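Note that subunit A is present in both complexes that follow, paired respectively with subunit B and with subunit C.
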Partner chain A sequence: MEILIFVKQVPDDGIEVHLDPAAGTPDTAKIDKIANAFDTYALELAARYVEANGGNVTVAAIGPDGTDSMLKNLIAVGAKKAYLFKDPSFEQGDEASTANRLAQLVKKCEAENGAPYDLILCGKESTDEISGQVGARLAEELSLPFVSSVIEITPDGDKLIAKQETDEGYIKFETAMPAVYTIAKPGYDPRYPNIKAKMAARKAVIPTFSAADAGVSEAPCYVECVSYTEPPKREAGLKIQEKEVADTVAKAMEILIKDKVL
Partner chain B sequence: MEILVYIEVKEGELVQGSLEALAAAKELGNATALVAGDADAAAKAAVYGAPVVCAKVDAANPDAILGAVEAVCKAKNADAVFFAGTQWGKDLAPRLASRAKTGCITDVTGMEKDGDAILYTRPAFGGTVIEKMKNHGALQVCTIRSGSYSKPEAGAPASIEECDPGEADIRVKVLEAAKEITEAVNLEGADIIVSGGRGMGSKEDFQLVVELAKVLGATVGASRPAIEDGWISRAHQVGQSGKIVAPKLYIACGISGAMQHISGAIGSKYIVAINKDPDASIFSVADLGLVGDAKQIIPLLIEEIKKRK
Partner chain C sequence: MATYNTLTPELIEQLKAAAPGHVLVGADINDDYSHDEMPIYGTKAPDVVLQAANAEEISAFMKICNANKIPVTTRGAGTGLVGGCVPVYGGVVIETTKMNKILEYDLENFSVTIEPGVLLQDLAEDCLKRGMMYPPDPGEKLATVGGNVSTNAGGMRAVKYGTTRDYVLAMKVVLPNGDITSFGAKVSKTSSGYSLSNLIIGSEGTLGIIVELTLKLIPAPKKTISLIVPYEDLESAISTVPKFKMANLDPQALEFMEREIILSSERYLGREVFPKKLNGQDVGAYLLITFDGQDEDELMARAETAAELLLDAGAIDVMVVDEPQKLRDTWATRSSFLEAIEAETKLLDECDVVVPIKEIARFLTFAKKTGEECGLIIKSFGHAGDGNLHIYQCSNDLEKEEFVKRVDNYFEILYKEAVECGGLVSGEHGIGRGKVKYLTESLGDVNMELMRGIKNVFDPNLILNPGKVCYQS
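Moving on, here comes the complex of A and B:
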């Protein structure tokens, strides 16, 4: 099976993002860029799938300079091929624009791969904008079956069974191929690269394409971000740190009772 | 403004988030509620005053529901379609928007009219940044983040209209829907929540959080790391990707305070944080901070609370 995963490069979500006071926009310049966590879960799930059932995993990303090193890291942890799409025009737009471009890029990826994809995966959401729309919109752009928050995929003849995580448990869906799924966190973590894989990935050359190279036409855009603000700050209260834990607890109890919380 | 609201039904009950979306719609314009499949549920929806359309479709299949929403949206000539900020809502809204060639705003916490347009408010980057958005597409599509609106007042029932939305484009087949988590975890309605995070160290020590909750008559919450390490079921997750809560008292044990988590608990009246790192960001939002190992502090706290009972 040929699997294509679209990966987004995001600011490290362990670091708080604040507004640049001069520009009034989110200041992410100094924050390390990493592969979106849910996209790395998608890669691990796909890598395990092809290890068990055969096939290849391709990762592809739209992104600026530096995105190629993220893609190299992904080659070290299960991806066989990687493509980068880099163009100033790709940096503008909303979720509709991104999904429309990705739908157009599938064809370019297939031409480069020399084979069509049976399954297209995205993370269920990105950790920066957290809008969770792109996978769903991509499925619609391509008129393909869509299942979100998948944590397990099993082959079933010429069909796939996708296990979707829900609030209470799970739902199992059957779909034809190709299909578009978004991936939630399965019950395992993405692998760490071993030295050999790391060395090989470092040498990998990531084919990079502009909008013109990839044959991407102008994408629609509907949503405009009018302004950014920061939410009102909550004031920090009292912090207790006594030498003895018992004293810390005793003091805290006093305050909780005084504040009528307990 | 004609606004269609898709009302989700779970085990015969209307989903709270859908009622919040209905409240948001009633505030902004003329709301119509859309219920898939279930006549009893349609009757329950009607008491909130907005006319109800009950579409005869297989409510277990998302493709069937999407087809129904699309058909009713066209038939009613709706200007906007609102969804709850649930998993289903978040799946259906962008798909509908894609089909209608328009934008979609997810996780909306507030809306105001700006002439004929809607100005949406939503959090990004885990809640450290608030965005104001406008959708220049013809149809307005959004999901409402749970806890952002209170559910509408019940009153005299509105009309119910049955509708056959016709054939939908069905691309997935539902094989099995299973319930693994049977415990009812009412985080949204809790007065006190005791939450644990990675700092609890292990599944065994996470039990201290459960014990403290028991002594206080509180609901147990958890941050994403504790869920992902399997210390407690995801029904307990508080935060951006879990539940948004607003209890009178929120006790965060061994939680460092990633924005992802804090944004889900920031609406709490009083926040107590227990963490051994004095610089943990949770302390910057806590009314009271206890610096120390939660594994040592919680047993003493339990003892003290028991003494005072």
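Moving on, here comes the complex of A and C:
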């Protein structure tokens, strides 16, 4: 099976982001850029699938200079091929325009891959914008079956069984191929590369295409971000520390009841 | 042995007047003040606690206590592992955690001046925001820096950067008689008489009370890469270390750990990080290595050279950790060993011995075998790069009295072996209350008398942290 995963480069989500006071936008210049966590879960899930059932995994990203390093890191942990799409026109847009561009890029990726993709994966959301829209919109653009928050994929003849995680438990869906799935956190973490894979990946040359190279036309944009606001700082908490643990709990309960929390 | 007086109501009133609003007495004293992280060495509550706000309060306290022969024990965050901050003779505890301000950066002189109660974690993070690094990196990030200085704490980066001692430029100290004085200076070398600051460093609060520290910083490395190196067993892992050191690859950290302790830590954190089976082989032990530097290509080249050496020497594989979240996960697993052991163990004790590097493998095998013979569960990890081993004795089944008896027997054998192979009693945790006997046996009478002589010069009434380090009871 041929699997394509769209990956977004995001600021390290372990670092607290603040607004640049002058620009009024998130100040991420000094924060390391990494692959979106949910996209790395998608890669690990895909890598495990092709190891068990055969096939190849391609990763593709839209991004500025430096995104090729991220793609090389992904080659070290299971991707066979990687494509980078870099163009000033890609830097602006909303979820609709991103999905529209990605839909157009699928054709370029397939041409470079020399084979069509049976499955297209995205993380269920990105850790920077967290809109969770792009995967669904991409499926709509491509008129393909779509399942969100998938944590397991199993083959079933010419169909796929996708296990979706829900608040209550799981739902299993059967879809035809090709299909678009978004991936939630499975019950495992992405692998660590070994040194051999890492060094080989560092030598990889990532094919890079502009909008014109990829044949991407202007994508419609419907939403404009007007401004960012930082959440108010949390007030200091109340420290309750009695000599006995039971007394501490009792005092905490008393305060919670008084404030009508309980 | 010194004799001490008890605190009378009149003396307590004097102390309260010396630091209004900052003195705890009787029922207001929390149980936390009676122990550190190793209660096996005994607990004892103080009669009075000063939550010190400044040097002047501490000075006033010391004048009263010295004149009345009241024992005084200094306490940071209470994260010590040898009972060092436990007031075994009662009296006064002076807590420094409220003195937690970072006072001044002098980046042209690569230094920062702080109060002693600043937590290691807070200092490290604040320095990084300025592009600087405070290199000492002990596992317990919630310790105070004053406590780190008092024990000369080491930590994971000591193999490259040295221990806390190497980063103390100057300090302000309250002496037992209440005098406030300064040792050291913001300079990079000195031949100016005895190094009094170096006497205070590692003295575990027995000579004076640190009230201000000026510390050396370095420019923060731009990039770090870690390698997880799995081996079939601990002996294979440790036997690689001398070859690794000889290759001059300048690791920032070079740690060893057994499979069991990784499993404990991963259970504790609820996250699986280290591989347990690779290439069909079960993993029995690991080396965890970090390189730091300014250039990614240069770092990767070093990592590749290291990997070739490690694989030739018997490593099952070499995993690369270079992404921020994976680095955090990997080192969180390493940093949680003590908490993980505590969570799964009813009774524990620890040996923080340091041995010559070539002796590590043999000593660990000896420690494990002896532990079994003594009827104890042994869990070990440590700093392979500098020979500092953390060997934990654990039990969930024994009664405390029996456990203590077995550990005493075990320690007698283990410390004797350590000293015979050229080692020392403590690499970084200190002597405190728990290891006085073994320090005395390993250093001998002459050296212990020299230490007591120094103690007498600083503290003729022996009021400061009695019962610790070289105290003769």
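One rule holds for everything that comes next: the second predicted complex is superposed on the first by the 236 of 262 C-alpha atoms of A that agree within 3 Å, B and C clash if a C-alpha of one lies under 4 Å from a C-alpha of the other, contacts with A are read in each partner's own complex, and residues count from 1 in each chain.
What we mean here is this: a residue touches a chain if its C-beta (ideal position, glycine included) is under 8 Å from a C-beta of that chain, and two chains touch if they have at least 3 such contacts.
Computed from a predicted structure; not experimentally measured.
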> What is the contact status of A:14 with respect to subunit B (first) and subunit C (second): first, second, both, or neither?
Replying inline: both
> So, does A:34 touch the first partner subunit B, the second partner subunit C, both, or neither?
Replying inline: second
> Between subunit B (first) and subunit C (second), which, if any, makes contact with A:73: first, second, both or neither?
Replying inline: second
> Who does A:137 touch here: subunit B (first), subunit C (second), both, or neither?
Replying inline: first
> On subunit A, which partner's contacts cover more residues, subunit B's or subunit C's?
Replying inline: B
>> Touch test for A:199: subunit B only (first), subunit C only (second), both, or neither?
In response: second
>> Contacts for A:243 in the overlay, against subunit B (first) and subunit C (second): which applies, first, second, both or neither?
In response: second
> A:98 contacts which: subunit B (first), subunit C (second), both, neither?
Replying inline: neither
>> Let me test your reading of the model: by the given contact rule, A:230 touches which partner, first (subunit B), second (subunit C), both or neither?
In response: first
>> With the touch criterion stated at the top, can you tell me which subunit A residues are shared between the subunit B interface and the subunit C interface?
In response: 13-14, 241
>> List the residues on subunit B that touch subunit A in their complex, please.
In response: 62, 86-87, 90-91, 93-95, 97-99, 101-107, 119, 123-137, 169, 171-182, 216, 228, 230, 234-235, 240-241, 248-249, 258-260, 266, 270-272, 278, 281, 283-293, 296-297, 300-301, 304-305, 308
>> Touching residues of subunit A toward subunit C in the complex: what are they?
In response: 12-15, 32, 34, 37, 73, 76, 188-189, 192-195, 198-199, 202, 241, 243
>> If we count contacts the way the header does, which residues on subunit A are in touch with subunit B in the complex?
In response: 11, 13-14, 16-19, 26, 94-96, 99, 125, 127-134, 136-137, 139-141, 143-149, 161, 165-176, 179, 185, 187, 220-231, 234, 236-241, 245-246, 248-250, 252-253, 255-257, 259, 261-262
> Quick one: in the complex, what on subunit C touches subunit A?
Replying inline: 27, 30-31, 227-228, 271-273, 275, 300, 303-304, 307, 311, 317-326, 328-329
